[in-house]
Amino acid sequence: MTKIPVAILGATGIVGQRFVQLLQNHPWFEITALVASERSAGRTYREACNWVLEGDPPDELLDQIVQPLKPDLPARLVFSALPSPIAREAEPLFAEAGYAVCSNASAFRKDPDVPVIIPEVNGDHIKMVEWQTAKRGWKGLIVTSPNCTTTGAVMPLKPLDQAFNITRFFATSIQAISGAGYPGLAFIDMSDNLIPYINGEEEKIETESLLLLGKVTAQERIPASMKISAQANRGPIQHGHTVCLSIEFEKKPSVEEAIEVLKNYRGPEIAWDLPSAPPRPIIVRSEPDRPQPRRDRDTQNGMVATVGRVRPCPIFDLKLVSVIHNAIRGAAGGSVLNAELLVSGGYIS
Amino acid sequence: MTKIPVAILGATGIVGQRFVQLLQNHPWFEITALVASERSAGRTYREACNWVLEGDPPDELLDQIVQPLKPDLPARLVFSALPSPIAREAEPLFAEAGYAVCSNASAFRKDPDVPVIIPEVNGDHIKMVEWQTAKRGWKGLIVTSPNCTTTGAVMPLKPLDQAFNITRFFATSIQAISGAGYPGLAFIDMSDNLIPYINGEEEKIETESLLLLGKVTAQERIPASMKISAQANRGPIQHGHTVCLSIEFEKKPSVEEAIEVLKNYRGPEIAWDLPSAPPRPIIVRSEPDRPQPRRDRDTQNGMVATVGRVRPCPIFDLKLVSVIHNAIRGAAGGSVLNAELLVSGGYIS
Amino acid sequence: MTKIPVAILGATGIVGQRFVQLLQNHPWFEITALVASERSAGRTYREACNWVLEGDPPDELLDQIVQPLKPDLPARLVFSALPSPIAREAEPLFAEAGYAVCSNASAFRKDPDVPVIIPEVNGDHIKMVEWQTAKRGWKGLIVTSPNCTTTGAVMPLKPLDQAFNITRFFATSIQAISGAGYPGLAFIDMSDNLIPYINGEEEKIETESLLLLGKVTAQERIPASMKISAQANRGPIQHGHTVCLSIEFEKKPSVEEAIEVLKNYRGPEIAWDLPSAPPRPIIVRSEPDRPQPRRDRDTQNGMVATVGRVRPCPIFDLKLVSVIHNAIRGAAGGSVLNAELLVSGGYIS
Amino acid sequence: MTKIPVAILGATGIVGQRFVQLLQNHPWFEITALVASERSAGRTYREACNWVLEGDPPDELLDQIVQPLKPDLPARLVFSALPSPIAREAEPLFAEAGYAVCSNASAFRKDPDVPVIIPEVNGDHIKMVEWQTAKRGWKGLIVTSPNCTTTGAVMPLKPLDQAFNITRFFATSIQAISGAGYPGLAFIDMSDNLIPYINGEEEKIETESLLLLGKVTAQERIPASMKISAQANRGPIQHGHTVCLSIEFEKKPSVEEAIEVLKNYRGPEIAWDLPSAPPRPIIVRSEPDRPQPRRDRDTQNGMVATVGRVRPCPIFDLKLVSVIHNAIRGAAGGSVLNAELLVSGGYIS
């Protein structure tokens, strides 16, 4: 199969760099354009990019000329790592011009005709793009991936909701630094410290979870209706968000039943054989002190949610802890998986 | 006033070192004996103690000979920083022999005639020592201070409960390393990481809170009856425990009403003028990103609870965050305050 | 004595905040003006300053209006925490207008008529201001304090040089984050890492050390002539610079002789009784694993150099390690001490 | 080719775990025995091993029964991650019994007939095993790999010495935590801190470097004769030792000449095609702020030395900085490479 040419919008930033890293040797996609702001456009990627991830950028991209943010790229699909205010303006221009936009930005997540997708959770929402293109008259489309912490919460919540109907949940997160972009927080502020606040994060968890756990009918997306309360904290951790969940169900599962459901979950069939998908989206650990961000974030190339401490809750029904790699599954990797879903579903030819 | 001679049991450990530090220049107490295990007894404090706190031990203690753990010390009051299994055996011997034992150990916290006290929360529980001595036939007594995280949760919960009747609360903690004793966790395990488990901690929060928020009648201690669910995490922070609380009330307060109650709280009158007590036990910060352990732990010599982010909760009524210095207010400092309460209440003459 | 009114230039930055902290309750000085950039001027200090140090700014300064950077302040002495390019323009205007400027900036450190001073090392260089004012026709004056790492190296080198004539030394530093200003390095760059480069630092150590160890005659400053090679590293440490020194002497001291000289050193008599000066400027620790930045930086209010591991060097004569609190002794505290030297020496009336 | 059966002595410790990790899918070796102390022997690896590295141990080893430390293992070659006192007793028993022992312990590094080898530096020293077996009457042999910091220093020093004759060098290290074994240093001691002392480390750097840079004639090993002075520090870094070097040469190279020599170095031909050897053992970076442990330690699977900041030294001739992955190239990976050298050289059939 000839690879699909793809572009990265915001290719010099920290999420853009992750896209570059994850798309190296991808079986279906090939990077043909690196796009960044005016300041960087026209320079080589080597010059324009202050690479902050481990290792070095791929040799073959070093001399590519960074392109300006205009919808005339030699690509069929674009990954957007743009800041939300810029995404809000640019992404529709790309969709209109015929590109499939897989966005990591929050700009359009709440629009009623823009799907926010984790393939194993709600891959079937992909059909929303049919209304989207019909309504907006676009030749292309926009698909978004959710906020990183929401991803870490919703991956284990989905199978539990499907099996036992969640009525309410509390989510308290301890989030890694790389989720704050680059340069993000200063060492002097974050070291030996915890910051009990992340701008907009709690609201994102409380609203995006409902979209992801909702249903899509022929004509509309019906958000789920459980009640959610979130508390978001930033901690001195490089990568890996932890979410502590307390969950109330309509049908009360035992701890063992919950673990079985989590372990065996595969998600909608449409998401089963995507190249970046792990064999099972959720790994359940039985040690009392797992999951831990440093030890579990890289499992299965950072694409799973690792869950542990499933136990009864004295107020609700169950408590558990989930860890995901915020920069991979919770950001660039999630969008790559969405792109694979688009291809697999025939939305990109 | 002649100072009261006091001993420190477990004086070479990290909590014992805090007692040494906090009792330097104390207006009422004077350290007359340093007690440690067989291994250390007979050596000077200089030799026996691997001082791990900032600075150095006080010069005047360096050449004191460390005493064995026997109730024949030149002291009227003893501070216990013993490990719980040892405390369980040793503390009653000291109480029987006439010493007032202010314990930081968990050994006796659940005994129905042993008060667990935060003076500003339930200083009036001190009268339990009257039954205790009557029932046990002791010439001395045992008073305990609660678990460090419980302290950080209960300090703000008490005024709120008093004003609005708490029916349920969730508490998720991110706890500092110094709470794990010395050497505690390895750098290689804790750095760039979060550990979602602390042995026994959640159970302590769930049970000790009820004791602290309970009532003491003429004959018995009646624990409070709210429902509590706790999740405890260990994070890469030197000192300062953070607790994220979600609280349900019988009488629904507004955010402003809750803040007023927190700010103005002084606790029972018996705790007002103790030398180590801060002017107000709770400080409410209005910045969106406070309290933070590194910035707030040392406020008022580490003896206050700093509270922030008081806001509505989509599930319960209010959410807020509390930070305390676990090693001071949550451990040695709490026990020193209990000792001051004993003196002030006439239980030590 | 009526206190001398002083202003802080650059009062909202991290070094400016240290000046505010150190001048609280100072016996000789009283802050009468807080000066910052155009952006901050006109606002209260509470509004203009993002306080990043522990605790809070002093209550009495919170409502002071921040002044613009113009030499018409109600002060006789100004402490400069300005960035060097701004200091280069502003400090002479203040000196010309009659203010005594105690600068922490590097702008004028190399000027042949501007003393760079550590009172206990070369307090006698203060007389250079006499030429300075004569030559420049200023009513005021400029005195500078050296680079923080240079301070940590030179404090122990001075007594050794005086006693044994240093001919060459290597200095390898591991420097704390707070030396990089605010926000300084990103957590994502500095955590779990070492950065073997600090712009301009090695050259500062190699040149400023010669000035500090040099002599001042009636007409000129004669730099010392030893050879110096420096390597500067940045490490994940909040405060406290470590310098590893290897020293060659003309007269070969034994380890014991060197330790004696270090311990007993007091510096020029002019520096003996300054209020911020510690009893002895150098503390020598005998434990094999000291000095350590976290354990030793706060000794004597952060105003001493703590030295340890004095031992033979297989190539030169001696090796040793020195730690100072970069933000106190190495920055604001050093300038406060210089101001005290000016007062004590009669240069400010 | 049938794989050579190998055993790991000390397989449950942190270096033993690295051996397990590095030998997974090794083209020449297959783990057939995991050996540990009495306490662990007889249990499965799953039960006996507290895995502290990232990820999990290989599935196929989880149920292997851990063997006691006796020379009757189904293996031809053993990797020793034993503590030195135990290595001193056990390794000769294995060598005598016919095993080729590739040791990471320091026990025999100084013995005149035991080679201490970095293949690209002194792979030709392997012939020392001929005298060794002749003299000791062993059917097997012992080869050692050097101390981790020594490895990081000597890898770039070798080509420079070969080309320009080193006469003296200073080495100041900042070493990662994983070099201290498990649990190693406590978080409370190491966080926000630097410890300027590692027991025995400076002496190892000063002596082992001479062995590695020495020559082996037909009858004896002649250590190099340059003078060396080392200062070793421990810093809050997970993996990756940094060494700051100042070097004096007989023939003075320019910076460019030195860089050329470093870049082009391949080492003795005997080390060229070993499966774990990187294409070039030294990578020279041109950025002013590299090498950095977190960014460079994993380059080429952690098997290279990354060098940067090659620049003139005001006292000696050149300064430079070297970083290696202490746990891979500086420990288990170095021993695996030595084993490959033994196979390639025909010492194991």
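Letters A, B, C and D mark the chains in the order given here, with residues in each chain numbered from 1 onward.
We take it that contacts are C-beta pairs under 8 Å (C-beta built on N, C-alpha and C of every residue); 3 or more make two chains touch, one makes a residue touch a chain.
Keep in mind it's a predicted model, so treat the numbers as computed, not measured.
Q: Where the contacts of subunit A and subunit B overlap, which chains show up?
A: Under the touch definition, subunit A and subunit B have C, D as mutual neighbours.
Q: Counting C-beta pairs in contact, does B-C beat B-D or the other way around?
A: Ranking B-C and B-D by C-beta contacts puts B-D first.
Q: Among the chains, which has its CA centre at the largest distance from subunit A's?
A: In terms of C-alpha centroids, the chain at the greatest distance from subunit A is C.
Q: I'd like to verify one number: the distance from the centre of subunit C to the centre of subunit D, where each centre is the average of its C-alpha atoms, in whole angstrom.
A: Taking the mean C-alpha position of each chain, the two centres sit 42 Å apart.
Q: Between subunit B and subunit D, what is the gap in Å from one C-alpha centre to the other?
A: 48
Q: What whole-number Å value describes the gap between the mean CA coordinates of subunit B and subunit C?
A: Computed value for the inter-centroid distance: 40 Å.
Q: Find every residue in subunit B that makes contact with two or more other chains and list them.
A: 191-192, 236, 238, 294-295
Q: How about subunit D: which of its residues touch subunit A in the complex?
A: 54-55, 191-192, 294-295, 298-299
Q: Contact residues on subunit D for subunit C in the complex?
A: Residues of subunit D touching subunit C: 168, 170, 172, 174, 191-197, 199, 206, 227-229, 231, 233, 235-238, 240, 242, 244, 246, 288-295, 308-309, 313-316, 319, 321.
Q: Can you name the residues of subunit C that touch subunit A in the complex?
A: Against subunit A, the touching part of subunit C is residues 14, 52, 177-178, 182-192, 236, 238.
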